[in-house]
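Let me give you the structure first, and then I'll get to my questions.
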Amino acid sequence: MAENGKRPIRLGMVGGGTGAFIGYVHRIASRLDGDYQLVAGALSSRAEIARESGKNLGLAEDRIYTDFAEMARAEAAREDGIEAVAIVTPNHMHFAPAKAFLEAGIHVICDKPLTSSIEDARALQKVQPKNGAKFLLTHNYTGYPLIRQARALVESGALGKLRVVQVEYPQDWLAVAPEEDNKQAAWRTDPSKSGAGGAIGDIGTHAYNLARYVTGLKTSAVSADLDAFVPGRQLDDNVHIMLRFEGGAKGMLWASQVAVGCENGLQLRVYGEKAGIEWRQDNPNSMWFTEFGKPKQLLTRGGAIDGSAAGAMGVRIPAGHPEGYLEAFATLYSQFAAIIRGEGAEFEGLLPTLDDGVEGMEFIMAAVKSSKDDSRWTPLG
Amino acid sequence: MAENGKRPIRLGMVGGGTGAFIGYVHRIASRLDGDYQLVAGALSSRAEIARESGKNLGLAEDRIYTDFAEMARAEAAREDGIEAVAIVTPNHMHFAPAKAFLEAGIHVICDKPLTSSIEDARALQKVQPKNGAKFLLTHNYTGYPLIRQARALVESGALGKLRVVQVEYPQDWLAVAPEEDNKQAAWRTDPSKSGAGGAIGDIGTHAYNLARYVTGLKTSAVSADLDAFVPGRQLDDNVHIMLRFEGGAKGMLWASQVAVGCENGLQLRVYGEKAGIEWRQDNPNSMWFTEFGKPKQLLTRGGAIDGSAAGAMGVRIPAGHPEGYLEAFATLYSQFAAIIRGEGAEFEGLLPTLDDGVEGMEFIMAAVKSSKDDSRWTPLG
Amino acid sequence: MAENGKRPIRLGMVGGGTGAFIGYVHRIASRLDGDYQLVAGALSSRAEIARESGKNLGLAEDRIYTDFAEMARAEAAREDGIEAVAIVTPNHMHFAPAKAFLEAGIHVICDKPLTSSIEDARALQKVQPKNGAKFLLTHNYTGYPLIRQARALVESGALGKLRVVQVEYPQDWLAVAPEEDNKQAAWRTDPSKSGAGGAIGDIGTHAYNLARYVTGLKTSAVSADLDAFVPGRQLDDNVHIMLRFEGGAKGMLWASQVAVGCENGLQLRVYGEKAGIEWRQDNPNSMWFTEFGKPKQLLTRGGAIDGSAAGAMGVRIPAGHPEGYLEAFATLYSQFAAIIRGEGAEFEGLLPTLDDGVEGMEFIMAAVKSSKDDSRWTPLG
Amino acid sequence: MAENGKRPIRLGMVGGGTGAFIGYVHRIASRLDGDYQLVAGALSSRAEIARESGKNLGLAEDRIYTDFAEMARAEAAREDGIEAVAIVTPNHMHFAPAKAFLEAGIHVICDKPLTSSIEDARALQKVQPKNGAKFLLTHNYTGYPLIRQARALVESGALGKLRVVQVEYPQDWLAVAPEEDNKQAAWRTDPSKSGAGGAIGDIGTHAYNLARYVTGLKTSAVSADLDAFVPGRQLDDNVHIMLRFEGGAKGMLWASQVAVGCENGLQLRVYGEKAGIEWRQDNPNSMWFTEFGKPKQLLTRGGAIDGSAAGAMGVRIPAGHPEGYLEAFATLYSQFAAIIRGEGAEFEGLLPTLDDGVEGMEFIMAAVKSSKDDSRWTPLG
């Protein structure tokens, strides 16, 4: 039961069978605020795993599917059918189910990047959802309260005209080749499943989206230098990008899966004429805010800030009690639930959309193109 | 539905009506891993609020109670009655419901401190639970994965014989008197509801429990100096305690509600003959571990550690994606669920018990006594 | 040559021969701002080492002494004799030379603690310095610019009435017994050289002095629990003290030489009715300052502060370029030089005095007494 | 007198008159270890200021010069003439005095960047120093002990083959235009004095040099995007550069004078196949070192490391007592003194050279060229 007494939204899941990482995360996110109840799933493309995974998650026999299309059809036909679906498959398997469920009038919550090709992304953009079915792209870092506050600070003009944006997302888990043994690694480094981008699609798009989300700046062009350092790897595992934004601001983006010693070091720094902000995921409950000529201030989640926006921020518990990755993820889920119920007007504009997903794909494509073209400045789209 | 496909445990709640903080936390914790479903409640001692709160949480009309005793009786009698109850009332209202539900054969999850008096605590210890009903005391900080790892490190002998324990829990929210306007502050500073201890009961017991949980050291005596700095306040808002442990280790405990600039700065440092550990709640996903003569190592939750104990640790997601307060709380709930289902042998001994609660009360009483007695060394119990 | 064109003050040194740590530090501190020139020394009580050390430091043959009394006499008689002397011997060898040089009209810069006994300390207090010879006690941490700023903040009333003072100085270099091999360890753990206190005299007095320096609070009593954890050690290596100040503020002091993983973790935290400050030596160029209900501010040395007091603060280079231990030490030396030259009125009151040294000894004695007396509250003096 | 009893080297200074920042730093650095004595100076190009500054620093009347050429000639002719000279003028005034003193047989300590033009740099490279006069370029950050250790770790193979180098140097002091009021700002933003580069010459070369110093990697090309954000500013105040190194490693360099909230945020991160290191100037006494699959280790200056190299590292005082910018600077001075005295064989190769200065100029020129050429990859030299 949702905290606000609303009946939980009936949720299905495509992908996320036994051993999957992100499906598990989506399920926790759906449960945390009580807004969803998982009742159906096509949890794997392999029938046996789909069945076993469904059983393990306590789904009713007749709502364990081995095919997402069948699931879309069947659930749309049920009185008690799912109202929303979470798509948590590898990238190349986002497009088809997303299209199927939108056309069946079922709301879609889709992991990022949107698709594995720009063509798929644009095709999805043209799909006509039945009954106004809505779409959420889980760029989950946008759910962090202080990221919301950073965005609000930029919008308020507190930073003045923006000048410099530094964003990075270093990891080290692919510093050696775990592809043979590790399911997570295997599909992410396989172009037929990931698409044209490796690190850039998996984490570079997160970093890019975060910078765009907070700054609101439009990208005019990218100059990229992509590498695959681990011998035999087909997709990039290190991404260096310079960014030019409309209006003259400049940026740098670094994403890496080979930066030994980095776990998930997502970091965003934004500098304007009047102030700067600095935020890191490894301690997401605080953020530096510095006005020129004044001491640095440490803003804390739910701390000494303007409380009027606390709802939009997604703050649950008092400052000093850390919230984390799962809460940020859950905020996307619960605010999308409010929108589904027609009660989420205040959250419109705060959640990542299908259009953001298309831009993410354009970013990947432009970066890959620039890198192949000796880092020539390349516009998006 | 629980992640492991088990049917959720039917949960009731005593306290936690509209505006309550800790009840909300308990509900999130109960939902996060899918192990519980809230189906009944006596959410307030005031009938109207109880009813409205129950409705807001979507409880069935006939399972919204205005009296916990009636609830215990009625639910015990139902085929589909609650299997466990969360007691989230102010301290003086822990004893009676805990006794009632245990005697009704319903498992009890009780917030800390155990009671508001040592007499109540000992009386509760003597209650004979029906049908082996179990008891969980939510000293939630024991659910942090790195606290579990710290305990395992101590147990393994990695620190050698322990010498010094420094624990502290500073806050600042009571630095001025918010008692008039703030429900949370009002009962915590009222001896008739909190008991003999203010800060020492509210956060000092958390700090004490954490030190005991990680070190396993038994306390021989305390020397305390308690203060109420805010004019008119009846209970302590700053706690200075020196600790002596059996075997010769020594400790210091500081708890404060008037330390301006501190949000929830729980910190534990333990030093032995061979190594030391240092952990802070404001970044609970890392912990210092230093062996004598070697560089400090930053252990991270789910990071480069012995994975064999990951289950007991309660790690959900990869290192670098921060988990927080709610996940630690939820780990207590889900591991207690496993114990309720008879599947939690590995968690026995990891969860705070009624006996821990009695010791917490003895700690409060000894500290208050010592402080009144010019800080004379005073044994517990 | 001093930065301000003044002729360097002629300096002598007692102690500080080959292999000594603190003598080396004093020499760097004396040179850093160009205010002193070392021209004479009784660098060791062992004649051979004294001679060799003097030669190594380039002293003229006739100004290398093997006896401090002879040195005081001879230098006082020379036209070009030393104007000041640095006393950097073990504690039990502070009193006699300090007395001798003061009575010879030579300014004294003396390492802490003042002496090895309270009787010596008080006797020194009664010495009549010839020609107004002045005395500096090198509680060097008082030379940190942000410590000066912390003191100024307290004095200005920015914190309001003080309530809680937490100070600590943990180290780990004596966690095992290095006494046999290590000259520094040997005398510090030998009561005949250190006096009645071990850790409390070596680092506890630093912590105590720092708290007193910043807060200005007067101590009414201490309750102490001292331990010698390393087998066979005669003096304390871990110090737990509760403090009561006049006016009602309370404090805790922890000093340890057995806290594995701590290098020189001096930390001071002061909380008042209106604001709190927090400073750590391991990053001495920043300090937290938090006003109640506002975000934490990170004040930086020479950063966005009131520049009017920069001179008294001892800031040399721009914010962001770290200064450290040696600069703080040198600030004491150069401000004492200004006082010697009669140009340091603004520094009067900022430098640790002989009276501070006597109080430090009273603190040691009171703590040792309290600890022997089962931590009974014991007044100083 | 030097700590090792050697006679101090007689030092002159060109530039560094009243109000100058870096001249003051050089003087402290020269004094700190007692290896130099300032005896002559041409401290300003304006005669009156030169005279007054010389007097203020206590120079003898006849050794206060108003012209560096005259100073070189006169001092070379004196029996007691200067043995070394520090050149601390704005960039465009490095070449001529450096040439003059080298040709006069006087050792040169020169601030960076080497010159204001690549032509001057190369011309200086061809100068034939008289009597083997030596040259030190004060890329002072190379004097930090942990930077020395980082370099040793790379050389030892502990990181394996290098892959990624991230270096940055953000400041904010030029975020608004202080050029009118501020002498430091005025010449740095004036192409006739600074040369073709603004931020890139002032701090970008420091960052570049540091990356080169630690990694030993040779640069094959740079792709740069330089901006002048402050209206009216002629030289760059923000520098974005991608780097390609021989052997395939890649890098990013960010230097900025408009990053509001950054003081002197020099940071270097180097990742190899086997391990990574991360160091920041704002806390220069610790450095992360992480081997793949193991916990992060915090190496500390003088801490638990291989002590065999401590001399080369330049460690003065025990771990935990912070050293800073001035000590690092002084280490360059004192190790250069050892070389001048013919006793510094162990330091050969550790100090920045004239060749490093030429490469720094090539780096500036290549970056400026690349930026004008739409960030085309541009080789150095």
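As written, the chain order gives the labels A, B, C and D, with residue 1 at the start of each chain.
Here, contacts are C-beta pairs under 8 Å (C-beta built on N, C-alpha and C of every residue); 3 or more make two chains touch, one makes a residue touch a chain.
Predicted, not measured: the structure shown is a model, and the values here were computed from it.
Trainee: Under the document's definition of touching, what chains do chain B and chain C have as common neighbours?
Mentor: A, D
Trainee: Farthest from chain A in C-alpha centre terms, which chain would that be?
Mentor: Taking each chain's C-alpha mean as its centre, the farthest from chain A is C.
Trainee: Between chain A and chain C, what distance separates the C-alpha centroids? Give it in angstrom.
Mentor: 55
Trainee: Measuring centre to centre with CA averages, how many angstrom lie between chain A and chain D?
Mentor: Comparing mean C-alpha positions, chain D is 43 Å from chain A.
Trainee: How far is the middle of chain A from the middle of chain B, if each middle is the mean of its Cα atoms, in Å?
Mentor: Distance between chain centres, rounded to whole Å: 34 Å.
Trainee: Give me the residue numbers in chain D that touch at least two other chains, ranges are fine.
Mentor: 262, 289, 296, 300, 303, in rising order.
Trainee: For the complex, which residues does chain A have touching chain D?
Mentor: Going through chain A, the ones touching chain D are 159, 163-164, 166, 168, 172, 175-176, 223, 225, 227, 229, 238, 240, 242, 244, 248, 250-252, 254, 256, 258-262, 269, 271-278, 288-292, 296, 374-377.
Trainee: Can you list the residues on chain B that touch chain D in the complex?
Mentor: These residues of chain B touch chain D: 289, 293-300, 303-305.
Trainee: Mind pulling up the chain C residues that touch chain D in the complex?
Mentor: Interface residues on chain C, with respect to chain D: 1-7, 21, 24-25, 27-28, 31-34, 37-38, 55-59, 171, 173, 262-265, 281-285, 300, 303, 316-327.
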